[in-house]
């Protein structure tokens, strides 16, 4: 299978390497990157033969079956439309867009073209979260009553990034909005978002929050709560639990090693992974494998366009709730 | 020190035994219990010399320094007033009352009489929660950002009890309202309560909920969230964590033993304690020791009358929030 | 049931208190202690009515059903004989004696008198080790292949004590020799002991070791290994595991609380209990309960005279192995 | 850097793939494999250009800097000699040979030729064991007193393999003999090996054991113990701990995920990895990286020829100890 990579920034390069080294059934034929010169050496090392500044070279290439859209968020919706029109199957990094209409417009194009679309919510493919889902699916916790997520990053992104990121709910919590749908096996009906600026006043100055607690109601009667922080000094803290009528399942963080040292001082062990790639590398591999597999076997991708839309709706409802200081139903923003 | 026990139901008998067997500095001189006949054998076994149906026998006894009020909730406020007027130091089981005015009236009597009052929020004395507080107090987690409590009982009480218990927030969550004050080292300013009936429709029929997620704002800027369930089939589930600018501290549940069995089936270990007394016995001992110590050394008790009032205010705000489906400030119910 | 306590040193006082406060079915009628004056206050506080310097007062008292022998090791054998002859049931602290003949002589008296004898190997009653035994007994690990014990004390006893204690194998490892019989559900056939002086040369100077690894063969084909140290600076370290054809079961240490703090420094949690009493108090309560129960219901005590003899045989074989630097069969010392 | 792979059986293919996908600084130029036809497809997929049945094609190729010797054990020594004579740097899978003279002969050739030799003891590069070593090296456990290793495989290899594998000590425990040197930072002086046939009588019939406990003395005064089993039905069980004057460090097993499910049945979590590759893949990557790095930067490899010799000496002493039922000094077999 031949693939075109659009956007070779940090995430794009990651996808490119992982696909090259871990997925023999597919290969990157062409990379389209505005700053093509910057990635010449990188492309050469991966033995990627074609490098261009114009993504049309990919869309026009009949040899290419699918594209990975890893460019900046503001280009996603348009690229999806064009790629769909060109008959390419599409893997697109999250989010599709911050604007709900634009998202729906892009999804319509995909539907009309009959191509496959997978959204890059990689955490679904993480060994821990995937296992929680399997356990919930198997009925072992019974009817879901409470879904709890703690989701804290080691440090906030630069202010410049935050300004254009859509805010905490659409940049960071969006992963958790996807995760609650994945784990509850239901849809969010209502959101109540409480936020604060506790880490860096500058974040408040640009109209964002850095700490939040978001309560949810699901269609199936269950309830959920997400607590976020932009700064957990000890590392990536992503713990989830699903509690139900038959019990509960939870996962811990991932650690570089399991060494535990006991001295007069106490019992000391390793902090969770601090670096993003250490923590999630395998989930990126698995989501790419799933995409290639869906294309190869003509199956529905495991994370669909609608899965890309719903978290943005929930995020919009959360934003409205935060501002108006009241619970907001999803219908209000859809 | 001579003590009078008012009320020898389940909790009263517990306090009586623990004081007798674990606190040599004090002894129960007299037990007042409406159904005195029922507890004759019990009192004899503990070598308690005096048993009466009339608590005045305790209040009028100048030998008795302090009373333990363990009778039904609806008698607490009145007994506090009478005991204060009789110059007795007072340990009173939670809650003082469901009615805020009655509580304040009782607290005024205590203040006027200059006696000591300690409220029975025993979980503060639990080895795990006490350690969390010490760590927060020591500044090791920095400024508190998020206080998280999971609090689930193994099974709901009988419906008859639920009908007069004040509802989930005043009967069960009241412990957690006290715990968030204890751990955040601040006061609750605002409450948003979301509830559901997921376990037993009969609970809904009497106007109560059995599952809840309650979001809080604290005066010091921190936020908190409590998730409750009346039925965790696997045992008492009480986990707390405090997250701040320097890190976070959490505690796990207590287990009967640490045995872990690894077979082809998987890795299996013990469920948390299922029986209330197994889980909390030592915390009851410690709170009684603290009370006796406060009386003996003329110190302020570690859990004061105001500590008895605040959780009821928070519970009232939670109830209002649940019914009106909006965040409610504490000022609104005080 | 009326009990006589012989010896009110540290362990004797512990047994006295635990029986008084935790076992309503029995009471200490008389305490015999050479330094009776020293324990007057203690006895009074426990409301023990009779205090004597002469243990005959206990043996001659027909009201007394059973005795707790908690005096120094060199008096145990003789006291067992006299108590047996006086028709008293006997609880005796470990070890019965260091000399195998004296032990057998004492056991013969007990047998002849038809009284019950329980030896104070309290760790069998510890919540963790008891659970391991239950799991092994239930067949969940299948045929036992390997029994592993790590057994380390926080600090060595004073040199004066070590000189008369019988050496590491008979003073400290003796608990582990009992534990391997308890957990393997078999008898030790052969011992290979390897020792070293790594903590304090003075321990070597009196002919003892402070660190040891002891390998065992059991009658049922299984093998075992014990590693001992007189000084684990982090606390009482007693971990066991039993590995078999169907899996393995292990237990961890006990900790004062489960608080875990995550900061930039790492993840820090509590050290194991450092104080002997904190760690084992409940096991002492349980062994006394078992003894009182055995006497009251005319059942065989759970830790018999033979259970008191075997570990001394194993210890003797270990000592011989250490000195002769070869494996030694139990038959060689019996 | 150009590398020649000699032997493309299971381990050889693994090394080939890992080097190709994870180590951009080097590439496999030629694969020598007796059954070359069988690996044509495999080599093509990895884009390895040259495939031969004759390893001389590698040794004679001046473009090739280093060789990976992954053929059967009985070819290792000879290949090392020839490769050294051909001036190739050498990575050789363990063991070099079962015969101590052959090993020394091979090591002499390497020394004479001045090439680098690294032996494939991959577990040193495992994230857990490496961390233990770092902690020991840093002095955090103080003087090493006890090194403990539990090392159990999920299932024994086929009998045909066992017959030519050199027996448990040279096939399986050899990893642990290397690990104790790595973790103790000392040399083994004396060995006492106790073995049994508890899993499969057929293993006894070919003169081997399937369960063993091996006690060690180190030059630095420390002691060690290894317990082995050929069949841990729950997965790869490799736990180590190093105990010393300042505390102890231990590691747990690795698990596919951290999901824990709590129900009425108990608390259930995942078994350790069952498949060899899942558990150790990264350690193979890391050892290859270290080899390529040593060659590229002209540094001493982290696992030397002597590191390849010592475990075989310890294994020989263990075998002698097992047969003669006594402790054996290393000098006796060297």
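Per-chain residue numbering starts at 1, and chain names A, B, C and D are given in the order in which the chains are listed.
Rule of thumb we're sticking to: a contact is a pair of C-beta atoms (placed from the backbone, for glycine too) under 8 Å apart; a residue touches a chain by one contact, two chains touch by 3 or more.
Keep in mind it's a predicted model, so treat the numbers as computed, not measured.
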Partner chains that chain A and chain B have in common: C, D
Neighbouring chains shared between chain C and chain D, ordered by label: A, B
Farthest chain (mean CA position) relative to chain B: D
Between chain A and its twin chain C, rotation from the CA superposition, multiple of 5 degrees: 180
Comparison of B-D and A-D by number of C-beta pairs in contact, larger one: A-D
Separation of chain B from chain D, taking each centre as the mean of its C-alpha atoms, in whole Å: 58
Where chain A and chain D are represented by their mean Cα positions, the distance between them in whole Å: 39
Touching two or more other chains - residue numbers and ranges from chain C: 233-234, 237, 246-248, 262-264, 270
Chain C residues within the chain A interface of the complex: 233-235, 237, 262-272
Chain A-touching residues of chain B, taken from the complex the two chains share: 143, 145-146, 148, 150, 152, 192, 194, 196, 198-199, 211-213, 215, 217, 221-225, 227, 229, 231-234, 237, 243, 245-248, 325-327
Residue ranges of chain D touching chain A (in the complex, touch as defined): 21-22, 24, 45, 127-128, 130-132, 135, 140-141, 246-254, 256-264, 270
